[in-house]
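Heads up, the next two complexes both have subunit A, just with different partners, subunit B and then subunit C.
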Partner chain A sequence: MSISSPVAFTNNPDELFVKKHVKYIQSLDTRKDEFEYWLTEHLRLNGVYWGLTALHLLNDPTALPRDETINFVKSCQHPSGGFGAHPDHDAHLLYTLSAIQILAMVDALDAVDTAATVTYVAGLQKPSGVFAGDEWGEEDTRFVYTGLQTLKILDRLDAVDVEKAVGFVLACQNYDGGFGVVPGAESHSGQIFTCLGVLSLTNSLDRLSTASRDQLAGWLAQRQLPNGGLNGRPEKLEDVCYSWWVLSSLAMLGKLHWIDQNKLVGWILSCQDEVRGGFADRKGNAVDVFHTVFALCGLSLVGWGGLKEVDPVYCMPVETTKRLFGSK
Partner chain B sequence: MASHGVPRSSTTVRTPQAIQADLLKIEAYNNLVSEVQALRFPSVQKSKHTYSPTSLSTTSSLLTQNPEFNTIWNFRRRIVLHLLLPTSSSSPTLKDDNDQENDKLSLLSSELNFLFPLLQKFPKCYWIWNYRVFILQTASTNLSLQTALKLWKSEMGLVNKMLSRDSRNFHGWGYRRYIVQNIETLQKDINKETTKEKEEGEGEEGVDGEEEEESLAEQEFAYTTTMYGKDLSNFSAWHNRSKLIPRVLSERGATIEERRTFLDGELGEMQTAVYTDPYDQSIQLYNHWLLLESCSSKQTTSTSPVFSLTNSQKLETLSRTLEWMRELLDEEPDCRLLLEEMIFVGSLFRDLDETEEEEDVDREEIKRDMQSWLEKLMEVDPMRGGRWREMQEKL
Partner chain C sequence: MASYDSDDEVDYATDPAWAHITPLPQDDGENPLAQIAYHPDYVVAMSYLRGVMAINYHSAQVLKLTADIIGMNAAHYTVWGYRFKTLMALEASNGFNDEETSWSWRKELDWVQSIAKQYEKNYQIWHHRQLIINHLNDATGERERTNEMFASDSKNYHVWTYRQWLVKRFNLFDKEELDTMELLLKEDVRNNSAWNHRYFITLGRLGTDSPADGVINREIELAKVAISSAPQNPSPWNYLKAVLRKGNIGLASLKDFCEQFAPIDSEDEIKSSHALDILSEIYDETGNLGKAEQALVLLAAKYDPVRKNYWRYRKRLLGSNENVPTASEKTPIVHATA
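Our next item is the complex of A and B:
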């Protein structure tokens, strides 16, 4: 990529409040006197994954106690092999992937019955190649990604029909280059991330023509707004989480240099809570761990601020994916 | 844990009174959760009674407070499925089919009614939409085709309301396509049955059920016209329109000539629309689709092309487009979207074979223009400079 020159960032790494973000993440499980804590039980396992990934990128991977983390993940596994968000919650692919990613990051995959997990995931693939999210059958390209990544981490892609899954994803591509939830649905940056993720982790990105990849990268680059932030669809507002969905997609296409990374960094930093740590969807809003991890992932992807490197395909530290899959 | 658009509160510390109020709220909520969880995991003696109307209403209280609690929606599904079983009726007298159908209908209808205010309050909650789909699917498998069809059809009213409140709601548009698909399938099944009955019951009186139009493509196409009429900047509507056009034209049995007329109409509308707002991506993207579909040198991936233009017709269409774009560029010389689109039109043009009648068109001139548009783009759109520099190398 001779055309892309190194980015000259104008923001000083001191402007990222590393210690405050670590503290914020550590505080998440101590907020039991807040109503919100109880209303979000259905995201608890995802929350651990988001927090742990953020801590790894912030170079403080042991800031959450390892044994407690592993025990919590174990307590969420069902006899079916799938995971719920919390003990006594039903299993779903969204939680199953988080569980496996957490265990992969702390190198403890043998703590749970992974053979059962493989059976659970494989059982959710439909004849069209798509995956259902759970036994109730909602179909979505997000679940193709969550299903396949889970199996890839467990080195069991052979348990499903990968070719059919890839075929389903390709059928979801629109003329603008983007991908939707199902064939015929409008392009959306979140779905684009999952679809490019599927194509990347199955080594089938070359199934997209150069023209359609350029079309898609151009569409993604259009997501950057004059203030530097990224939106998820045409004519929508910017949001920190698209610093991940859009940016990781551009990274998978090798086109990070098609947007102004310096301006994006400045905009992401403006979404920090400089007093209590954490990132919000937009400047001045309430922070949460979801936006915190995706803000940090975005900063990491463009190589800013001394963060650990994140893998654009798996949304885990490169250290973890290297250990799992060898160097790429 | 994933909040959008919630302002950060200025106070760092809650007052003791506020904490106390929160604790009371938490206690009440947790008691309700424990109550529902006890119903989900009943002790052996009570197990028979958990799938009851009372349980249903307990889950209603919880889900109204927290519709994101997907596990509770799943429990509710199990209750509904159980209540639909014929054996679950406590009445000792056997009900006739009609009564049973009415009971089922009233249960499923009341589920749909329960969801409506929740959807209005939480229009982006996946689990409510999913549950609604589940109720409708259950209607299809548990009710007569005609009754199920009525339920699905009345969903169009709901989805119209949701999309008039937020015309870009992602769930709303996806749901709309799903509803349409199901209405079409059910109507097809009903028509099949009616035909069969007519054949078998020839000569008999009282064969009811008129065959109705199966395809809703025209109706949906018209809906996209209404929606962009209200707001040109609605990419969801333009997207749906591009997906519907191939079907609409084929169902109209449109000839090649009629397809061309149709295309000219759409391109004309786009010209007006881009003039109205040259900075709108939605319009430019739809215009992009029309030109890509009609004027690309390669035949598109679809087996039957939507618009079969000859090479010279393609050249003529692209020249016409470039002409009005040039005029608009004089008025809006810094418009990056327009510049980008002009480069795209220019490259489509240059990909096409030359024809004899093309004397007045100078391909070299177009190439020079493309280079100057690109230079201008680099000047007015430095954010995407990396892309423009790469394009320049290829040109």
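Our next item is the complex of A and C:
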């Protein structure tokens, strides 16, 4: 990643530059900077999902053209039912979830062959309950989450062994209360989000004892550093994307108030570029769409005025998840 | 023809060795969302890869081509997958080594290591390595290679995940592994990844089995020494509590140890919020509610004010029969992987 012009980090940590952020995301569609993060093809479908989610939260859901978006998603579907990051790419669970989320947000799930998608996802579950990301075979808790969320949106959780998937996730809990990618792997906020997401969307959060949930929420709250930012693991640097992984996890546990929200908001806002729009991972670095959407999601979770509410389990607007699943 | 692991540049369009492959350009259709401006070298190499994949062609040439593309975009998962298929096809037709095309598994592993050092955040590399080592069923030298990676980033999550896979797959729960963790912790006592791995090899793998004689005490001592050198470091405190739970030893046994770092009646000498935290639990358990509350008030007001709502919550639990936040009773089961 490179930056062509210097980033103008805000000196107004009380203001969210909504219009600038909308413009920034729209510009990604037309800018042909080959180093730009979301334009790299191996992430393209994710990039569209990140941008679209951000626009929904910013109250400007039609800022990306709907028909083109749907056509692009359609062009990424394989005969197998899964989706690749880009029309010429192999199918992978990460992009399959993004595709289904995009279609869910623009209310166009009938534009693709979802029955084939269900078959594709179900085929990636392994006997241990875990999911592989693709036929190449990487297996970890991220893919359990992406697989199950895809099926949940399509109302086809019955197509896989949910109990085994939940069992695999529970086996990934560590002595400090957190979760890692596979059993025994170090606790990491990103993996905690995916594991709590699995437990939430399968209504299994009560499989963790109250004491264990409290311990986990305490560990998550410890991710806040004196400057207000959040890190992903002990002794690591703070990063805007953890405003999502940590906060959504705390939200699922009902403990958002265990961190200092004012300090966090000030810190997130200090990472925006007030001239070009967009957020960086931390002040001083280049902005990208990934950190932009997760900054906005974090602000939304702590109730920043003017932003649409985000659903901590699905990382989509609550408006969308209500339409899909009814009111919670 | 350039040997597959050389840095020589190949001009795919003019090199006679590539004349039998028909390049397939990317089809973006008319959709502007799909259009991306790439470096011309990347466009050419990708069109040759599409050509190769279309006819399911596998040869040492493909190793050069995929290496070129990975050098330009290491996160391209399709390329990694096709490279592995090619390696398997080469082995099936030429065996583990082929002098003529100069490919071998050893060379592949060396190449992977050099790429891993260049792209430390990439995880496809480690999955590729895992597929190879699993296939070869031989872990010789692999721990040394991960140690090399730890030398530049001792907390690299992908490398640690690979290391755990290696230990499980080849049953390397041995002294060398313990010694390596001791060394890493000596270099950086705050390395949470190394603490986690130490637990994995000492106690975590046991499931519901009991640890061997002396292991619990050895690990308690190790954690205590680490805490004494940096009392505000959360990792060994978490480790210590986990070891006690595994050994069915009550927290109260830590009272004197914790009071060293958090004498609550002499506030100025308090050096560790974690010690204060455990003391509040110990005081609560032993019915000394006044002191337990004092510890939590100090945490909320002075030693960890960012989390004051958490400490207030803990205060409300005092004296109740509700469990103080503590680890799950369940110990993670380590699955043996084939």
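Going forward, the second predicted complex is superposed on the first by the 307 of 328 C-alpha atoms of A that agree within 3 Å, B and C clash if a C-alpha of one lies under 4 Å from a C-alpha of the other, contacts with A are read in each partner's own complex, and residues count from 1 in each chain.
Rule of thumb we're sticking to: contacts are C-beta pairs under 8 Å (C-beta built on N, C-alpha and C of every residue); 3 or more make two chains touch, one makes a residue touch a chain.
Quick caveat: nothing in here was measured; it's all calculated off a predicted structure.
Annotation: superposed three-chain arrangement on subunit A; subunit B versus subunit C shows a clash. In the superposition on chain A, contact of A:233 is made with both subunit B and subunit C.
Using the contact criterion defined above for the overlaid structures, shared-chain residue A:224 touches subunit B and also reaches subunit C. In the superposed pair of complexes, A:138 makes contact with subunit B and with subunit C alike. In the superposed model, A:176 lies in contact with both subunit B and subunit C. In the superposed model, A:210 makes contact with subunit C only, not with subunit B.
Of the two partner chains, subunit B is the only one that A:273 touches; subunit C does not reach it. Shared-chain residue A:87: touches subunit C; no touch with subunit B. Once chain A of one complex is fitted onto chain A of the other, the partner contacts of A:69 are limited to subunit C, with no touch recorded for subunit B.
In the overlay built on the shared chain, the residue A:308 is in contact with neither subunit B nor subunit C. Shared contact residues on subunit A (touching subunit B in one structure, subunit C in the other): 32-34, 39-43, 84, 88-90, 92, 134, 136, 138, 174-176, 181-182, 184-188, 217-218, 221-222, 224, 226, 233-236, 255, 257-260, 263.
Within the complex formed with subunit A, the subunit C residues making contact are 26-29, 31-34, 36-39, 50, 73, 75-78, 80-81, 84, 123, 127, 131, 155, 157, 160-161, 164-165, 168, 190-193, 196-197, 199-200, 204-205, 233-235, 238-239, 241-242, 245, 305-310, 313, 322-335. Listing the residues of subunit A that touch subunit B in their complex gives 3-4, 32-36, 38-43, 46-47, 84-85, 88-90, 92, 134, 136, 138, 174-176, 181-182, 184-188, 217-218, 221-222, 224, 226, 233-236, 239, 255, 257-260, 263, 273, 275-276, 280-282, 284-291. Residues of subunit B that touch subunit A in their complex: 1-9, 12, 19, 22-23, 25-26, 29-30, 33, 37, 40-41, 65-66, 68-71, 74, 77, 126, 130, 133-134, 168, 170, 173-174, 177, 233, 235-236, 239-240, 242-243, 280-282, 285, 288-289, 292-293, 340, 382-387, 389-390, 393. Residues 29-30, 32-34, 39-44, 48, 68-69, 71-72, 75, 84, 86-90, 92, 128, 134-138, 140, 170-177, 180-188, 208-212, 214-215, 217-218, 221-222, 224, 226, 233-236, 255, 257-260, 263 of subunit A are the ones that touch subunit C when the two sit in their complex.
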